[in-house]
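Look for subunit A in each of the two complexes below; its partner is subunit B in the first and subunit C in the second.
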Partner chain A sequence: MKTVRSLLFVSLLLVVILGVFWVYYSMMTEQENKEIRKVSVILYGNSSEQWENLSQGAERAAKDLGAEVSLVTMSGDNDTSEQIGLINREINNGANAILIAVCNSKELRPYLNNLESKIPIVMLETGIMENAKYKCISSDNFEMGSLLARHIIENEDPKVKVAIIYDNEQRDSVVKRYEGFCETFADYEDRIVLWKRNENEKSNKSMLYLQRELTEEAVDIVVALDNTATEGIVDAVLNLNKSVKIYGIGNTDKAVSNLDDNTITELIYQNEFSIGYLGMQEVLGAVDMSEEELQSLIEFRAVTKEDMYTAENQKMLFPFVK
Partner chain B sequence: MEFHHQNIGQIGKNKMSSRLAKAYKKRSIQLIISISFTAVAVVAMSFMGIVLYTQFADNSKNMAIESNKQLLDQASWNLNTYIRSMMSISDTMYYSVIKNRDLTYYPLDTEMNLLYESNKDNLISIVCVTEDGAVMAAAPVATRKESIDITAKDWFIQANKEIENLHFSTPHVQNLFENSNYRYYWVVSLSRAVELTNIGRIRRGVLLVDMNFNGIEQLLSKANEKGNGYMYLMDQNGEIIYHPKQQAIYSNLVEENNLEAADYEDGSHVERFNGEERVVIIKTVGYTGWKLVSVTPVKEFAINLNQIRFFTVMVGVVTIVLISFGNIFISSKVTGPIRKLENSIKYLEDGNLDMDIYIGGTHEIRHLGKTITSMVNQMRKLMDEMVTEQQEKRKSALDALQAQINPHFLYNTLDSVVWMVESERYQEAISMVTALASLFRISLSKGKNVISIRDEIAHAKYYLEIQKVRYKNRFNVSIEVDPNIEDCCTIKLIVQPILENAIYYGVEYMDGEGEILIRGYEKDSEIYIEISDNGMGIPKDTVELLLTDDTRAHKRGSGIGLRNIDQRIKLYFKGEYGLSIKSELDEGTMITIHLPKIYMKDAKEGGKG
Partner chain C sequence: MKKRIIVLAMIVIVLFSGCENGFGIVKQKEEEKNSIKIGVSIYDEYDTFISDMVSELKEWSKKKEKETGITIMIDVVSAGQSQLTQNDQIARFADQGYDVVCVNLVDRTDATVIIDKAKSVDMPVVFFNRELVEVDLERWDKLYYVGAIAQQSGEMQGKIVVDELKKDFGAIDRSGDGEIQYVMLEGEAGHQDALVRTQSSIGYVVEEGYKVKKLGDEIANWNRAQAMTKMNALLKKYSNQIEVIFANDDDMALGAIDALEYYKFKKWPLIVGVNGTKEALEMVKTKKMAGTVYNDFKGQADAIMKIAYACAMEEAFPEDMKLANGKYIYLPYKIITYDNAQQYIVIRED
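Now for the complex of A and B:
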């Protein structure tokens, strides 16, 4: 009886000590093996330069949150199936979260809304319009369009003829900017012309079809609602040596440079660093804000040649990150 | 109300503590020892752990701060070197080139280009402008932007404000020259007022050295890779020059406490910013007035300490477990002998004095054991003495009871003998005296109390013989005793008093019709002797009193009550033995003596049944 008791005693002691060490060991290894989350950032367009600021923002936030970023761009601007393929590839490759700027809001909506994967997804800059399952982080596109219209009304002669480049309307960001512009410009509706691609120009560079429009129709002001349109019209104007004022929305170095050399009259520049940063924070669950709250944190400014080098503007137009 | 609540709480606490105290008192000595020792160990261990941990935490925090300070010093030194090298470029350009020549005849371009080329990695441009903003020389050679008004530039204004000083600007985008490939450069401008000589005429100008901000950024981001927290650089007004999260700060996504930190003196400070406690170390960089700031959230020290804390707790837990097991072991060793002693005493409680008392363990417990043993021995002796004394007392009481018979009977019988001799009935007198003699012989039985049933019946016969003479055969007696029981024992003189009662109360007045029957038999290995008569019987209420009431007065007879006989039997044989009486009025009485069946040879004098 006595030996049984002392045996029980000793084994209990051993179990306790081993248990304590096991807990200790597992906690130590747990600390070491803390999983690094992989976030795929899938962006439309084939130039990473266009997304430089956004991806820097995403990387900054990822670094703060201990995540790893893999940046994925496409071979073209508008190939829905390619983007779907990329999303699938990234999910299969074990991405823990996805940030995506969709190339075509309408076509990607059913696919994304029916996606079965449980990993968090957040849209950047361009969403999938209504009924979206996922949050979209972008600046106030409607207000950006509206601001452009207000400035034209304020600064230009009321008789000017305004052409709006209506390209990339497959993206809801562009559509909202267009709607914002039109609503504010409604009083001068008769002076607006829409420049759309012809059927045979679908795959052309925007510069080419804009050159056609420039030669076909004389206008005073051209409004470009996104990066490709802004760069396209700048190239077309410079090529044809036309004298038109360009009011554009964009945030490439080229656009900034064209603002500096006066080719662009006014540029609306949005802080894509913030989009990337907040997108990463959101997708990793570091912040929990509504789309509206997030939108309010993303700044955009209308910049002209005169004020582009003010302390505040240069911080945004010439990001430090390079 | 509050007071009331407090009272209730107090009462509850008191109850709780008294309950705990009670429970504690009830526990075994081993449990108390192990719990108390363990509690003391836990308190001591916790105290030691907390003290050591706090000490260690303080030390490691101080060490971390110290190492951050060293990193800051190193970064500051590097920055200083960097800035000095830029300043030396400016100095060289000014004192070795500009000051020594008439610029109209000897342009600056060659030297400027040379200086630029040799410091290309850290420089964006070197420019010399006149007081009205015209570019006199620039390296690398580039087209000046037409729209730029150099005199409105901050670096130009600052240089002309304090002409003897060198001025460092905050980082800004260089905006002097045309750029072909959309590139832009963030620079820190180092400007100074210079004297330009043109055809012997001296006039004011400004020498600008645009340092590539990249150089500063790389230098500080490298420093940021080491140590806890992060490091940033600001100018004397708190304007951020470099910050690891610069762009996020510019985008208002991250906040920094730079404006407040600008007022801090050099050294370490503890501040609370955005609900976070942080240790801030400030170091002013020479020449520029810039301040290097190292920021470490206190929480980060804690992260490093987590492991230590966990380890301390683990060691504490293991030690406490070991100590408690050790305590259990030691206390069982210490209390084992006490428990054994207690167990052996338990038998004493049950009255078992023959149990051996445990003697062992430490000398105190051995002493206790020995003392208890000697006490038990003494008790046993005392009890034995008491039993003997009691037996003696009982015996003398019995003897006294038996002695009560003789005088009455002797008196009556001798009276009869006298009467017989007087009436010359010598033969009868002789047989009566002979019977009396036999009677006494049996009565005395050499002083023994226990005799055989045969003798007892013989005694009864002699007695009846005498009484028959006295009562002139007024009753008949028949005796039927099973010969098998005749050798069994009985206490003496129990049948005779019953016969006496039967004669006096039963058959005395029946005038020859009285019948007395003595029957002895064995039933269920026990012996019964019945004495029955056909006398007038005893009333029921009297029957009930016969064996219980000691105070009843005897009207007639020897005075030996049935109760006495019953008591004697019970004293000797104990238990259920004794007398029983059955009586019906006008029909008769039967008295049964119930005895154990013990043969004479097995009987022990002294009454132990």
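Now for the complex of A and C:
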């Protein structure tokens, strides 16, 4: 009897020990089986603030697809070697896919076209010009520039003098917008002046050299082709208390606020949330569309103070509650 | 039998806790940080001194990344001189799980919203350059401040002027009335540093036995363009009567120079600033400015990042860091005149 009891006790003990180890093993295996894809989103500029809509779109898609997003910004605006370093770092750190807004289309082109990457890469907002190895998801930049020009022609006095801020032209998004504007404004090209940085102003903030331009040359309208130029000219105008109309392309909360208080006359606003969302879907293989198809899905609108609160415009300008 | 049941129960408990701890160790290893996120909110992106500091913060993080292999994401945003905007920025950092934030307050008396939000998510805050009130800093043990003492900078400005007066009083007192006529370009209305610098710079000159007369003072919001506009108005009104220009910072001193150059003044008043920015040092070197007061942006950036990094990594602060009251780091100012301007130009570039 005693022997039977002892045997029973030992058996029970063994069962319990095995049971504990089995539970432990199951928990460990479950951990290993959860494979979460990591997507690095590498953006030009030193602040994620201007990319809030885009990153929200990317995060939403990542959540839907069970992926993790790592947002990477630069220390400056336009350092190609830094951005290449960041791409290499993210690949070496095990990123499963990369979304990138290139800081310099021309300089990054050879690197990206020659990159032997085993992971998918998709460009956002600005590409590396024609025949690129990787897709670029953006609005129709040429049409955005053209739309700005059309609205100036329709709404303003035929004799207005127009300054175009020609800055960040190292990105093909800005180049295309500029080309679109100039082609539509071709009949009035004698009224255009180009505002560019002097050699000693290359590292200055936009506002500083735009202040110089505003004081040196009287214009009626200033055209800004991207976020930095739009915010820069707004700051310059407010700082110098100048009266000038601003037609800009931009996406930031600040731009929208400046539209609301009439500092900006018209804002071309693209749906960056969709750029981020579709970009994430594309890079994770949830969709596979041509660049043209993707472009057709990225809406942009011309918005003024008078119509910014229509249902359609609100949806794009204020995509989520903060 | 009972004994066996007790023994069995004890074995089960030991096994489970052993596995739990083992699993916990594994979990802990998985959670070891290989990247950190630092949010930085500055009051105004166009403040030259603050821009220099931000560049240093980024340089520090690049070097630290190379040294440790830990990825440091540093996200810099500008509040555009709006405290509401800054509150929203900190809220975003908190909601997005940033490890620590560094805040250059817009309104030094209005830090409550930021502190409450940071505390609610256990996100330490390193305030810098614009000092918040002591009562606010004491509200939580993970709040810190890095800066310099404004009184010292004002007194040093005063000393620069006094040293020039001692060298050649007559050359400065152009009116010959034995009084120094001056104008003051002030930072912001009601701003602590602006008030203290204004007071202590003139106070030093007076205490050294000189008579002074204020012709005018204008608020130029630490801004060069605004300072130029205000100086234009002062020059129109007082012209050659102005013998000394005190500017609460270098950007405004440069604005005053812009105005003097615009009006092609032949005989310039004495001009003094604060911060020791790159352009101001060149002005001191070319004797367009009598001097400036060096605000050690490199030392401050180093201190800010050491605190921020330690907080983010949940490590102790480096042993060589001595925080006053466990919260404050103040770095001393230095006088810069023609004699040592070149030395500081090199220091800046290192």
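Just so it is clear, the second predicted complex is superposed on the first by the 287 of 322 C-alpha atoms of A that agree within 3 Å, B and C clash if a C-alpha of one lies under 4 Å from a C-alpha of the other, contacts with A are read in each partner's own complex, and residues count from 1 in each chain.
Operating definition for what follows: a residue touches a chain if its C-beta (ideal position, glycine included) is under 8 Å from a C-beta of that chain, and two chains touch if they have at least 3 such contacts.
Quick caveat: nothing in here was measured; it's all calculated off a predicted structure.
Undergrad: One more residue to check, A:Q56. First (subunit B), second (subunit C), both or neither?
TA: first
Undergrad: Tell me the contact category for A:I36 with respect to subunit B and subunit C: first, second, both or neither.
TA: It touches nothing on subunit B or subunit C.
Undergrad: For A:L208, using the defined touch cut-off, is the partner it touches subunit B, subunit C, both, or neither? Pick first, second, both or neither.
TA: So A:L208 only meets subunit C here.
Undergrad: Between subunit B (first) and subunit C (second), which, if any, makes contact with A:M316: first, second, both or neither?
TA: First partner only.
Undergrad: Just subunit B (first), just subunit C (second), both, or neither: which does A:F9 touch?
TA: Both: A:F9 reaches subunit B and subunit C.
Undergrad: So, A:D235: does it touch subunit B (first), subunit C (second), both, or neither?
TA: second
Undergrad: With both complexes overlaid on chain A, does A:N46 touch subunit B (first), subunit C (second), both or neither?
TA: second
Undergrad: Touch check for A:V20: first (subunit B), second (subunit C), both, or neither?
TA: both
Undergrad: Look at A:T73 in the shared chain and tell me whether it touches subunit B only, subunit C only, both, or neither; answer first, second, both or neither.
TA: second
Undergrad: So which bits of subunit A does subunit B touch that subunit C touches too?
TA: On subunit A, the residues that contact subunit B in one structure and subunit C in the other are 9, 13, 16-17, 20-21, 23-24, 27-28, 31, 254.
Undergrad: Using the touch definition from the top, list the residues of subunit A that touch subunit C in their complex.
TA: 5, 9, 12-13, 16-17, 20-21, 23-24, 27-28, 31, 46-49, 52, 70-73, 75-76, 89, 93, 205, 207-208, 211, 235, 239-240, 254, 322
Undergrad: Mind listing the subunit C positions that touch subunit A in their complex?
TA: Per the stated touch rule, the residues are 1, 4, 8, 11-12, 15-16, 19, 22-23, 26, 30, 34-35, 45-46, 51, 58-59, 61-62, 71, 73-78, 80, 88-89, 92, 223, 225-226.
Undergrad: Quick check on the complex: what are the subunit B residues that touch subunit A?
TA: Those residues of subunit B that touch subunit A are 147, 171-173, 175, 179, 182-184, 186, 217, 245-248, 250-253, 307, 310-311, 314, 317-318, 321-322, 325, 328-329.
Undergrad: Touching residues of subunit A toward subunit B in the complex: what are they?
TA: 9, 13, 16-17, 20-21, 23-24, 27-28, 31, 56-57, 60-61, 64, 253-254, 256-257, 271, 273-274, 277-278, 297, 299, 305, 309, 311, 314-316, 318-321
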